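Please find the structures below.
One chain, subunit A, appears in both complexes that follow, with subunit B as partner in the first and subunit C in the second.
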Partner chain A sequence: MGQHGMDPSAPLTGKPSKKTQRKLRNEMRTQLISFVLMIFLTSMAFISIASDAIPTGFAMPFILLLAVIQVILQLYVFMHLNERGNGWPNAMIWTGVLVAIPTVASLMLLLGIVKW
Partner chain B sequence: MSNAKAQSKSVLWDWLTTVDHKKIGIMYLVAGAFFFALGGLEAILMRIQLMFPEFSFVPAQTFNELLTMHGTTMIFLAAMPLLFGFMNYIVPLQIGARDVAFPFLNALGFWLFLFGGILLNVSWFVGGAPDAGWTAYVPLSSESPGTGVDYYVLGLQVSGAGTLIGGINFLVTIINMRAPGMSMMRMPLFTWSTFVASMLILFAFPALTIGLLLLMLERIFGATYFAVDFGGNVIIWQHLFWIFGHPEVYILILPAFGIFSEILSAFSKKRLFGYSAMVFATLIIGFLGFMVWAHHMFTVGMGPVANSIFAVATMAIAVPTGIKIFNWLLTLWGGRIQFTTANLFALAFIPSFTMGGVTGVMLATSAANYQFHDTYFVVAHFHYVIIGGVVLGLFAGAYYWWPRIFGYKLDETLGKWFFWLFLIGFHLTFFVQHFLGLIGMPRRVASYLGGQGLDTMNFISTIGAFLMGIAFIIFVVSIFTSMKNKVTDADPWGNGRTLEWTMPIPTPEYNFAQTPLVRDVDALWYEKYEGDGKMKAAEPLGDIHMPNGSILPFIMSLGLFISSFGFIYYHEGFLWLAILGLVINFGAMFVRSIKEDHGYHIPKEEVIKGGK
Partner chain C sequence: MADQTVNQHTLPPNPEKATLEGRNKFLGFWFFLGGETVLFASLFGTYLGLRGGVVSGPGPDDLFHLPLVFIMTMILLTSSLTSVFAIISMKRGNYKGLLVWMWVTVALGLAFLGLEIYEFYEYYHYGLGFTTSAFASSFYTLVGTHGAHVAFGIGWIVTLLIRYRKTGLTLTNAPKFYVAVLYWHFIDVVWVFIFSVVYLMGYGG
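Now for the complex of A and B:
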């Protein structure tokens, strides 16, 4: 290490500044709201399949939509993808999505409907 | 001193445990060259069988095995590892890094590839090699008797894991380890193409992994994904294979494009023409490469709309490819061109590869494809792009970077003999195959009837193959006879433009005594013109932190190797062997996770001494 000095894994000491405290409070609020939302979305998904009142034709796309929302919340809120310095992970993930969507979509069309 | 300790260990142990990107690069090159020679031998045997009509040099079953192993070996065990060898050695140097981001994973990637390759070839000695083609279409592969295809499935699975690990490692290295001043748009083209090829690996290999997994479940555990009588669908395999397979051909060609960009610019003493256009063309090719896979399946019966869409998408790739071709020509234009062997290979690439591109567009014409498909025309096409592109690139790169990697220059006279014999042999072998295909000779046949106009061209083709074989032997000989041409100068060609020509030869194990400061594209060339010819340092001289070697990557790969045998002979009651192998693998992973390893430091004094 030598000239690089401090150990990055050493525990922090002292009180956070006013600004940091406010940031932490806001952060906590977003986390809690997202957490509640996640539980709500999961139970919606569960109910839409478990109850006989909702037709399968609707339930399938509905839970897929919920899943997409959950993935995005998961990545951006819980895994902090929206914070600065995450440009590359964002770019790579969205490139992957950009490649995967047309691939999977056309694959489903090609396999599902025999002649086009 | 841990450094001195490392040196006192035996040479073999040193190579088995190394995590140095340069040594791993050399191991990729050596193993890749071995498999290249093996695949070449298989090709020669096939060409002898096809030299005369109804010849009986090898039986048809053996021919099918040679055919399958030739394709599989050349793509997975020769071309890709050889490219990985150059990437490993050169990319960290080009971006001013001391190693890759994950040295341990790098070693793991290599050993997985090697054990996968060995596994595949063990099949020759135990009941026959795989015989369903490198594409392993079901139901031919799922119904193929014996264990050959099982070796294919597990061998590729193991080596594919290594490739995926290697690709991820390059991505992280290029994103995170660039020297100060080396922005993305200052990276040399070889590094750029490595980056894009690694992205293709990241997104394409999972499709192969899934395909192989399904095939393994089908063959060994009685699943029915592809069994039509149980409601399965054979076309799924073709889609999965080509969703991987087409990006795969670009994983091969893009790094070769990168090599040519470096060499053409160095040996015409000019900056690469249209640098940013080259970068964007590479990115666009990478993206479009995922949107065209079904051009391998025009005759499957997808229907005219699907065929047309994929035909147009495929032809679109010719546009960025054309941009690159013109940029290379304009790089040469007005340059002070030196006809070194490396540059000869690069110059020969341009027309040869263009011919392959033209037949590619012909094949992409979906209506005409019904005529071309599964004939020697396709064989001619992909050999023009793969030999005329990838293999010429590998030889060009070998001649160009040899002094950097091995500390001596390859003999130029023998090099020119090698080049001309190889080039003539290559065109002799494959040019006539266009016409063999057009007059109806199907590909993948073990023999043909005489008197149908096929005899002469097949004979010519075989002669060409012999020439390529002789040329390669000359190359191997020149490797040994050139050893006396030692070089010590950091920039042995005298016109190096990029960072890999800034450190002494042999390359110190820490690469850069001080991380360089990059001030332009072609960082070294800029300093030669605007500075004093030496890179500015971005940090003071100090102790250098190095990772420790480890035997664990070897053990992990060995575990998967052993485990694969357990799966292949599952029905003979070898499940325990599969479990044992996995225990070894996970045990090594566990040890790796709990054992702390902080590496060691090379003291400043030694760095100063090494720089002398």
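Now for the complex of A and C:
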């Protein structure tokens, strides 16, 4: 790819290689498993609040933990951050998270507790 | 050789990253998502700081209807999966499959958006206007910004689907679909936190 005289609007034809097909089959399975896991985690979070069975002091950190696990699955499986050669995308999103955490913490404290 | 063009290509394993333009789109888009993370962080922080300020208006306990929000969460999560199917179809060279799964994603996105509009309409009728309280403003801004992202994502994907309905998969449109799907997943990432932090924690604590 990328050779001279290449027309990027020409249709892509043919089947993927055997190796790619096998990779895609495995990928499909991984994606489905993580989807089921995400459904399960969401349901757990919902039940832990809706049923009143779990004390609030425990439920808060519990559902936050479930949310973090779900987001890691979404980013690394659905959005393929786990694949090789994705170092820069990882750097980008984690830089965002690095700035996001103090942003949330400081706004919470300044607006909610100090009330400036 | 440079003036000779090839009018057909064999399908590469990752058509979205087969050209320099595709790789640049991919990288640039992750840079954008890093920025989006900070945008939503500032809205989350504002909401968490102001959510106690309900004045005389209704608060989270009076308003939130968890089963509805749970259904919305499931719809968005499923739409994330159907967009994964779309990309797998693309990599298999099944362009029709890509289009169909993307339309399914759009339909689920519209269902989500419809329920959100219904939800806001209900809250408004319970007396929660945008300027009713600090809680109201920060809630509508956070959840509304997410809803605007969903609406934009739907518009984006529909535009791609109409523009490329007959072209077949090409090295030009593969990165476009791929990046739109990344955006769609990111919308779901943000919603997971809205569901947990705004709705579940608003109801529970």
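The working rule: the second predicted complex is superposed on the first by the 83 of 116 C-alpha atoms of A that agree within 3 Å, B and C clash if a C-alpha of one lies under 4 Å from a C-alpha of the other, contacts with A are read in each partner's own complex, and residues count from 1 in each chain.
The rule is short, and it goes like this: contacts are C-beta pairs under 8 Å (C-beta built on N, C-alpha and C of every residue); 3 or more make two chains touch, one makes a residue touch a chain.
Since the structure is predicted, the reported quantities are computational estimates derived from the model, not experimental observations.
Shared-chain residue A:Gly96: touches subunit B and subunit C both.
In the superposition on chain A, A:Ser51 contacts neither subunit B nor subunit C. Of the two partners, subunit B and subunit C, it is C that touches more residues of subunit A.
The interface of subunit A with subunit B overlaps its interface with subunit C at residues 1-2, 88, 92, 95-96, 99-100, 103, 106-107, 109-111. Interface of subunit A with subunit C (complex): residues 1-2, 4-17, 20-21, 23-24, 27-28, 31-32, 35, 38-39, 42, 45-46, 49-50, 56, 59-60, 63-64, 66-67, 70-71, 74-75, 78-79, 88-89, 92-93, 95-97, 99-101, 103-112.
By the touch criterion stated above, subunit A contacts subunit B in their complex at residues 1-3, 88, 92, 95-96, 98-100, 102-103, 106-107, 109-111, 114-116.
Per the touch definition, subunit B reaches subunit A in the complex via residues 171, 175, 199, 202-203, 233, 235-236, 239, 243, 287, 290-291, 294, 301-306, 540, 542-543, 545, 601.
Per the touch definition, subunit C reaches subunit A in the complex via residues 1-13, 15, 18-21, 26-27, 30-31, 33-38, 40-42, 44-46, 48-52, 66, 70, 73-74, 77, 80-81, 84, 88, 91-93, 167-172, 174, 182, 185-186, 188-189, 192-193, 195-197, 200-201, 203-205.
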